[in-house]
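First subunit A sits with subunit B, and in the next complex the same chain sits with subunit C.
Moving on to the complex of A and B:
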């Protein structure tokens, strides 16, 4: 015991006592995950407003800047490049479809190339395959795709910047079980992959068939049995560690919670129907939606009250959180306000074909969102020295 | 602290109750060792302490279990979480979160401990178990011993009065096991925690126990001091067997006590030559497998570095070394199914004058040269009954009607396994025998076993020794990777020790094992400098000399 403390202290200064984030906002700490989500969703909302490729590229640049400044070394924080690949795929698919399912060409369009026309049967008459493709069609498809891609990247940025497991902890108490289910499945997935690899490797030892249904069975059965046994042991472990301890809920309050939630859901459904269907009576729209939301909220609060649980090192909500969430929301508000710029500049026309202009106020609004890159406190530096020598992976 | 009052546990699918009329009291601050063969109800007894039996497992519990004054009939496991902490065999199975610190806090969050107290307790527990420099690390990248310490810490933060540990070291190498057991004894001595511990490898823990609960089978339970119980119990560590053979009273339980008691015995044995543990090697054992310069790397990290190894027919080789020292990688590379970056393997076959490399053959061909039983033998089992598995093995190996069928092999290895049993319902030892039979159907002359002793009790280990003895007698070369030094002392002709991918020692068992203070079996430690390795040797010498051991 004395040996271990001595080595621990030698490795790095003791960090016991208050959390390292009390001194000021520049001390390294992780930002509240909800702040990142508000920021990213607000930016996505702002993006939905514009079609201007210059603004969209500016958004991508801002996302890139903030992520490089404020991401951690955790596994989930290395995923942004996959969102970029996904974005690229979205744009490509969009453009390809537009070219293949051609919509024809008008005399005003610039002819680009022509694909062989494939005649479609009569009953399929609405859709045309192949034919001439214009520059305008491709450009509008590309900017549309780019907008969607930008929104995807905003979500990706939120996932990269905020620890998904910590974000789940923000869920109201009544939804705690849902959060645990997600957390557990997140940690079981890699084990399942490992299990598949192990069994696959072991199959060769028996020289069983390596193709076909029987071979699949040879992998699936051991893996599933393994997973099932593992989850039973996990359930037992969680039970012995106090998961699901009943609080002070009475039968009456449990019933009340159930009734409130059910009514609230009904209200939400009716409200959504009323809002979406123009022929529905006006009364069904917003009021039903509002009532449903209130009932659901009350149900969640009541349900949350019976759960007695505390949270270890909860994320604080301080100035930095206000600042980051605020700058995101402000940029969305600016883009929707239509003040100081011509709304047409947000969605430049491709007729006549011209280079889009960069409207000043929207550009400034998007740059404002980029200030999150230095408004947020720096993330805690990974303690490289404490990292172990890499374990060699042995086949297991 | 814990009281069992006329407890009987009956599961629906068995005719006989697992536990029958158990009366048991465990006092506060005791380290209580639960011993018994596999399947006699150790886990049931431990599970009953925090109510997992019968609340979680099903079955019926008659009688009364009182834990710190609470009846488990009225309190499900979650309501007992603040009194009883449970740690299982494989720590990874019980982890809910993904970093050390959050895992330590999890139980407290469930118990609604105030955040300030939580913070303090996490820091204390980190220090208590020596985990402070691992606090932010992900759980899956820790070593086995560290993971098990985190698992213990994660239940300790709830400040339980009782700690239940079900074979906490069976998945660990000796160093990691020492690490965990040291932590446990510290908890008993410094904090007065009551510990209930089940363990197969008694030699590791017997000296720490205050009380032993022995389950002889038949559902009864005998409890008493270690010296009382081990005088007659059917399972005992080598130190106790030696004590019984030499007639020592009271029975010594630690190496130190035994060495002091053994002084007269050592004088008496001084001029004797111990009988060999295994028949002396006949000269001219054929070289069956020759490996040169085997190198295995994973993502550029070398796991095995230029290892040369020659295996002879009729020889049993034990492969030892820490977890992660490259044992498994070497075995897989020798078999040809695992990766091999460089080097060559040549296996001599009776049909072919030229030695063959299993890597260059098909899976079926490689299997006829070298058989490998992996660490998790159940990975190879996927059918519904033992018979289906065996028939499948016959087809896969192309056994003709007049050849030796897998059923015959299995009956020789482990007689009496019914055809209709589901492979998952077999005991660990039987599963091992089944997979071994499947691999032997292809009649390989070289057989590699990757950690077969994991989870086996003393009886199953003796069975395994008999099996590998027979295989060697048939002229096969057998390699067993294991951490179990007592097993090696009884079973192996030759020991190869690996560290960081290199072979650091290779020689006859007597020389390699006795030379190392860590690796030496208990008998060797007690009788050093005499070259005795096993209790059987000492006992045989004593009878040969006709001296009354008790005198």
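Moving on to the complex of A and C:
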């Protein structure tokens, strides 16, 4: 990040994008991808705090609004509906499992239907299959699934709004060692979306079946193959441009970097475990986390120091980037601050059934995250409708 | 043809629904687990349920239920109520409340545990059994919905932490302090002779013995030395916590051992009506729906305008 801001200051005059609009509107340009990622991850963090279906639906609405306002015409930017399908699948699986692996019904519950009960022997009494299913059980499973679905959609929004290839450029230098792995992992989801679209279109052009189970089989295999191949191709292309290059580093310094990173990661893992498990010794919590973070930072600095690179067409980090990232982070902070609302309202009770309330501060925080929809500059419109959109938006 | 099939499908669905409802009614009704006044529990019938609220400064409540029952039903009748977790459903007991204690407020409170995920092993309701005649606690190997207590046994819920070795979080009360010691049901309209209580084991902390009998109010504070004190089930509708704190000063004439620690007070929780539940208002849901629609409309409008300008 510091590198980016420095380069942004150095490269003020050249502004990528078309000429300014008349009429006092802002210059269309693409926002820094890291700003979108910070915004989306902060919103996902905020979502993890609540189980309130009203707030979750509000988050989905806000995501939909920001995406319609600020997505580009790039192929990956048209894939949000696939993340929505995935979210729906998550909710469905959660509800089905709750119905099949019955968690019991109480006399106070609203009985819905009954599945055939498969008796289990006494020594295996921990799991019940089938049996009566209550409205409360399904609703609690649905809200639980909805929370995970919302977090998935937040990641999907980041993938949709941010250019995945430009996001790779801000990786810390030390991670270049892992060039191929990082490239594949960061770009595989957007590539998958693109591949689905391409294969689907090809099938349609050949007048093949585009619906039904058999068509699905015809799509899945080429899609998986295509997505992985394209990710590998991208990784190879980045390799040839010097990504993952050991450069002038000596063997010793490379080993030192690796050791520092490994130790730091171990520290972070142990710290996370210590913080989450209340019975773990105190030393395993924050101290381990802090030590791990320091080690990781040292490793990154050490690894990054010996890699010098210049950047062509740097992504600027200006007011809009600060505003978008800031409103996301602020909404997460508001939800975790527990100020101005009752924490119980974030997790309304299903047993006994009652209407969820809409706590004002969290709702306002989520709407605040939605201001990214107009705080971000409008995306650059495709220059010519005649040109295929993939061509115009290809980065680098 | 298709109409015929539709009719058949509907008939089948209706039959299945009827069957399942019947099955449910059949399984739910005859279990007949019911709350009982404490005097109805004897050494061989009924199950004593005890819940320790001492973590929040409350007493140990005990009540009685009829036997073909589960630990869960016992804990959800006669004014008792529980809350599960969002992750595990109602079978995992996350909160317990009794309508006679703090107006039915369930503990731990939402501020202490949000009951979304499974509570940590350092602060949860642990479940203990003592079979008839046994004076040691046994950590439950089954969940509340699956465990079927034996007649004459004691079920205890205490809040705190346990460890795998079993050295931490053991109950401080003994089963003998909570068990029904009478061989015949007592109480009811005409309390009979209640002096049939079996002698207590010698090392039982009998707690303070009230010097002067408590005022004849609805709630009865019983000390373990006289667990079958005459009681008045009709007045049990409004047991309140007000009567529980009888002075727990060191008793001058305690028959128990000298280690009469100020242990938790044992209070009888007579069957009571469920705590009132407010389903809340549907207006926030409607308002959120309107807000979501508004945002959606704004998005659609923006998308249309953008397409026009391109």
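By our rule, the second predicted complex is superposed on the first by the 242 of 396 C-alpha atoms of A that agree within 3 Å, B and C clash if a C-alpha of one lies under 4 Å from a C-alpha of the other, contacts with A are read in each partner's own complex, and residues count from 1 in each chain.
To be clear about the criterion, a residue touches a chain if its C-beta (ideal position, glycine included) is under 8 Å from a C-beta of that chain, and two chains touch if they have at least 3 such contacts.
Please read all numbers here as calculations on a predicted model, not as lab measurements.
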Is A:114 touching anything from subunit B or subunit C once the two structures are fitted on A? First, second, both or neither.
second
Does subunit B (first) or subunit C (second) touch A:287, or do both, or does neither?
neither
When the two structures are overlaid on chain A, which partner does A:136 contact: first (subunit B), second (subunit C), both, or neither?
second
Comparing the two partners subunit B and subunit C, which touches a greater set of residues in subunit A
B
Which of subunit B and subunit C A:241 touches, first, second, both or neither
first
Would you sort A:221 into first (subunit B), second (subunit C), both or neither based on which partner it touches?
first
If you stack the two complexes on chain A, which partner ends up touching A:357: first (subunit B), second (subunit C), both, or neither?
second
In the superposed arrangement, which partner chain does A:233 touch: subunit B (first), subunit C (second), both, or neither?
first
Both subunit B and subunit C contact which residues of subunit A?
none
Can you check the complex and tell me which residues of subunit A touch subunit C?
51, 54, 57-58, 60-62, 64-65, 68-69, 98, 103-104, 106-109, 111, 113-114, 125-126, 132, 136-137, 140, 143-144, 277-279, 342-344, 346-347, 349-358, 363, 370, 373, 378, 381-382, 385
If we count contacts the way the header does, which residues on subunit B are in touch with subunit A in the complex?
50, 52, 55-56, 76-82, 84-86, 88, 90, 92-98, 101-102, 105-115, 118-119, 122-123, 127-128, 130, 132-134, 136-137, 140-141, 143, 154-155, 158, 186, 298-299, 301-303, 324, 326-329, 332, 335, 337-338, 362-364, 366-367, 371-372, 374-376, 378-383, 392-393, 396-397, 424, 438-439, 442, 501
Interface with subunit A, subunit C side, in the complex: residues 17, 20-21, 23-24, 27-28, 72, 76, 81, 83-84, 86-91, 110-111, 114-116, 120-123, 142-143, 145-146, 161, 163, 277-282, 284-285, 287-288, 291-292, 295-296, 298-300, 302-303, 306, 309-310
Footprint of subunit B on subunit A - complex, ascending
1, 3-5, 7-8, 11-12, 14, 16, 19, 165, 180, 183-184, 186-187, 190-191, 198-199, 201-208, 210, 217-219, 221-222, 225-226, 230, 233-245, 308-314, 383, 386-388, 390-396
